[in-house]
Amino acid sequence: MSYPGATVAVVAPRPLISRRARQILTGYAYLIPAALCLGGTILFPILKAIHMSLYNHVLIRPQEYAFIGLGNYARVLHDEVFWLSLKNSAVWVFGSVSLQFVGGFAAALLLHQGFRGRAAVRTVTLIPWIIPGVVVALVWEWLYQPNYGVLNDLLLKAGLLRERVAWLSDPALAMPAVVAANVWRGVPFFAIMLLAGLQAIPDELYEAARVDGASVVGRFRHITLPLLRPIIVVATATRIIWTFNYADLIFVMTSGGPANATQITSTYTLLQAYSNLDFGYAATLSVVLLLIMLAFTIVYLRVTRGIESVS
Amino acid sequence: MSRRAGTPAERILGGPVLWTGIALLTAFALAPFVWVFLTSLKTRAELYATPLVYLPRTLTVANYVDAWTSKLTPFSRFFANSLWVSSVTMVATTAISILAGYALARFRFFGRQAFLLVFLATQMFPAVLLIAPLLSQWHALGLIDTYQALIYSNFSFTVPFTVWMLVGYFDSIPRELEESAMIDGCSRFGALCRVILPLAAPGVAATAIFAFVSSWSELLFAITFTSQTEMRTLSAGLLFMVGQYEIQWGQLSAGVIISTLPVAVLFTYLQRHLIRGLAAGAVKG
Amino acid sequence: MDHGHRLSRRRLLQTLAASGVIAAADLAWWEEPFLAPRRAWGATPVRFQFSVPEPKRTALVESLAERFNKSQTEHEVKVEFVPQAQARQKLISSIAAGTPPDCCQVWDNWVGEFDGMGALEDLTGKVKDWKHYKDVLPLAWQTVTMKDRILSYPWVVTNDGLYWRTDRAKEYGVKPPRDDWNWDDFLAFTKAMTRPDKNQYGFGMRGQGTWAVLYATEFMYGNGAQVLKDGKVVINSKEAAEGLDWYLDLMRKHKVTPPSVPTDGWRQIVEGFGRGITNTYLHNSGSAEEQKGFVGADHFSTVPLPVGPAKKRASFYFSETLTMFKGGKNRDGAWKFCTWLMDDEPNAMYCKTLGLLPARKTLADRPEFAKDPALAGFVKSFPFSIVSPYLAYAGWGGKLDSEGVPLFQQAMVGKLSAKECLDRFAEVLTKNMK
């Protein structure tokens, strides 16, 4: 390994610990606080959950507690609600994240421009994110209510609807409806993250390109996008994972209904844990979800060439 | 960015498109919030009237007074709790993840890929299943009803994410910059502080904001790890307005406004100063 | 880099370091840097978890706890309030973690599950020695008895009845329902009270949550169906399917229900009636006080459920219990507190303030309960009230929610016929009979 461009003119005395070793030690040292955080909060419960998934662990039947190896996993394979929930999860995640990304990117580009009142608009953009998820769900549930919600009221008054639509109670409309609420909630995240990335791009690059005669679109394609790539990849990857696990919004708005139309895997896990009190099966579902997401992430990072440095 | 007469495309983008975009963005972000705000000013009769009442005919601040002074939901106290927990989480998370993010972005050492994946994988785990193990852990350490339990538990979702985001931000800064600084005699840590951080300032600010806002709106841990009213955070407090048979929409809306606007104001202030402070003396080019 | 900038950077780093120090100090030594809550010295705390159905209840419960604390010096009760929606999660987690509260107030359908988890102790002996044992209705004791063991105190009892708008009935010239009305009367009544142009519907049917299944079951019982017969699950009998078909037709064919039914839970049906969207709804006495605030006490009344074609009807009987946990740290204090809450004055105060019915007969006979018109329908339903048949097996509780409700929702939106729904439901019940 060599540092490109570095030429050592003076020969330094050989240090006790080689530079390479020092670098490695520093790297590990810098990682210790973060590793401690995770070790103390999340690592042990995850290992415990993996352990729990190999057991028949139903809280109300403690006498049946026993090691069943992959028994729970076999059950998952035959569980049609699980497969349905996986399909719903895919729609939920990719629908939400793609729309959030597009909306957030547009917002970031807007907020990067100079205009009066920019600080105010930036603050306003953040608002959907500050409100706790459960409250967002309750408010949107009210907006969607067919008989006393604002949405139907306005659409009826504007003549766009002739009869009241049950947004959350119709199996065909329920998922789009919750996705819309999730998009509202998630746009600020992308806006803030992408805006930070945009702000880090030096103006000189744009100036130079403009002098060279590049158009707006050209500057966007050849400067903005490549320099933002690491951040876009990281933001979308983490957001996809986070949305997979996000149960609150759906749980409050529809409880996974009607008839499992909005049952995603994480709400199904919640149901197994707290309604059926089947902690073993709930742990299994979490582990399966974890494996699926790991596989997805590895593929995703490889395809988007991950977070390798931009030279 | 200064405004100058550019190509027709630039002028259209900089003019009508920009303003339409801003209008749409503001409307999009605010619309439900405006509804909540109007609701907080209505009397109970107007809240439940059909047909729907949009603008309150009788303005009332009773909801705000109720929310702020109610014994069950003392918002003044909740606000202080949330502020403290979120602030400490933000500062600690940022410090921890700057170090970890820098290490993962710059150094090539054995297990780097594994570390990255582990950080990501820990976010793939539903918080729901963390509750029982964490509860027994905090109970064993005697940390129930303390700020510490909430702060440590918040790390479980802030740190993995902020580390990843900072790796991304650090990666977009060329290596040559800190190398030239180190050749000039700077230590590695010094290079981090004087060269990388100023350049990554917007990114660091963004992840700090993320840590703050996420812990501000965090709910599950706040409810499970606290049982005393005095220790509750705002999100948990808001949920007390949600009953089994009715939601006290008036007070809930007032509570939402009380808990949202100050954070928004704080954020504006924070962003401007944080970025300016970090970016002071940035080395460019 | 000039000195001015370097100075500001250093100051920033110092600020960060300082706040880090403060954070570390907090983490190391202080538990609450702000005004610490007063801790009781000396008296052993009794942790009482109370889930808050209505924020109104908290002032009441706190005053009850204070009264108890003042009346004796041995134990101090500390109330832990939890939002209703999180109460179950929090209780399950704390039991699983080995840190349950000393006592709590929960619905009786959770008691069986806690018993299955081994979290409760057999109170039969203690309770039989209690001075008011005979005063509590046998039906109430039944709700907290599993396998002949009494597991907690039934504090408040309730059954199901129908709320209806008296003012709207008068406005539309509809005859008020008789106490012994039948299904045809019910259909005619709800049809007459359905005015889509005015955004009003005749019946607020419930589609979400365990009780969606229970309300449908009550109607099925009216047609002669049963859940269990001779130890076998017979909820998919012909009578049951016919009953369910009739019930669902209210929504599918006659359209006397609002469009949000498949996802309407407790809160939605109560709010729907309160806002005047629905003109009747099925519920227990718990929301009577709410409706007095929403529509006004003189604009609504309650009436028993209609009699079905089999000349039968059923109203499921439930209790809100005071349950004590085996794993609590202060079981003696918990017992004393719960017994005190069952005494005349505290019990009556709780029920009267909230418009609920006490489990003790001498209290229930008091005029404020026996003569309240908003409670009339429930009181009149006691003669044919039965304990919910779904309490027979602890394993059924969670399954109703996770598998029963989606099946019924599918039947509501037309994806399954009533018979198919019940066949699969019966399968689920049979599999979980433990």
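Here the chain labels run A, B and C in written order, and each chain numbers its own residues starting at 1.
The definition used in the following text is that contacts are C-beta pairs under 8 Å (C-beta built on N, C-alpha and C of every residue); 3 or more make two chains touch, one makes a residue touch a chain.
All of these numbers come straight from a predicted model, not from anything done at the bench.
Visitor: If every chain is a node and every touching pair an edge, decide which shape results: line, ring, star, complete or other.
Guide: Chain contacts: complete, every pair touches.
Visitor: Write down the chain pair with more C-beta contact pairs when B-C is set against A-C.
Guide: Spelling it out, more C-beta pairs touch across B-C than across the other pair.
Visitor: Let me have the rounded angstrom distance from the C-alpha centre of chain A over to the C-alpha centre of chain B, please.
Guide: Between these chains, centre-to-centre, one finds 15 Å.
Visitor: Between chain A and chain C, tell me the centre distance in angstrom, where each centre is the average of that chain's C-alpha atoms.
Guide: Comparing mean C-alpha positions, chain C is 35 Å from chain A.
Visitor: Can you pull out the residues of chain B that are in contact with at least two other chains?
Guide: If we look for residues of chain B contacting two or more partner chains, we find 50-51, 95, 132-133, 239, 242, 247.
Visitor: What parts of chain C, by residue number, touch at least two of the other chains?
Guide: Residues 85, 89, 92, 96, 199, 271, 275, 277 of chain C touch two or more partner chains.
Visitor: For chain A, give me the residues that contact two or more of the other chains.
Guide: Residues 147-148, 273-274, 279 of chain A each touch two or more of the other chains.
Visitor: Could you list, by residue number, the parts of chain C that touch chain A in their complex?
Guide: 85, 88-89, 92, 95-96, 113, 116-118, 199, 201, 207-209, 258-265, 268, 271-272, 275, 277, 394-395, 398-399, 401-402, 405-406, 409-410, 412-413, 415, 434
Visitor: Considering the complex alone, what residue numbers of chain B touch chain A?
Guide: Residues of chain B touching chain A: 1-3, 7, 9-10, 13-14, 18, 21-22, 25-26, 28-30, 32-33, 35-36, 50-52, 95-97, 99-100, 102-110, 112, 115, 117-130, 132-134, 137, 152-153, 155-156, 159-161, 163-165, 167-169, 171-176, 179, 183, 188, 199-203, 205-206, 209-210, 213, 216-219, 234-235, 238-239, 242, 247, 249, 252, 256, 259-260, 263-265, 267-268, 271-272, 275, 284-285.
Visitor: Mind pulling up the chain A residues that touch chain C in the complex?
Guide: 59-62, 81, 145-148, 164-166, 168-171, 174, 252, 254-260, 263, 271-279
Visitor: Which positions of chain B touch chain C when the two form their complex?
Guide: Against chain C, chain B makes touches at 44, 48-51, 70-73, 80-81, 84, 87-88, 91-92, 95, 131-133, 135-136, 139, 144, 146-148, 151, 193-194, 198, 223-224, 227-231, 236, 239-248, 277-278, 280-281, 283.
Visitor: Would you pull the chain A residues touching chain B in the complex into a rising list?
Guide: 1, 3-6, 23-24, 26-31, 33-35, 37-38, 40-46, 48-49, 103, 106-107, 110, 112-115, 119-136, 138-140, 142-143, 147-148, 150, 153, 184, 187-189, 192-193, 195-197, 199-200, 202-204, 215-217, 227-228, 230-231, 233-235, 237-238, 241-242, 244-245, 247-248, 266, 269-270, 273-274, 279, 282-283, 286, 289-290, 293-294, 297-298, 307-311
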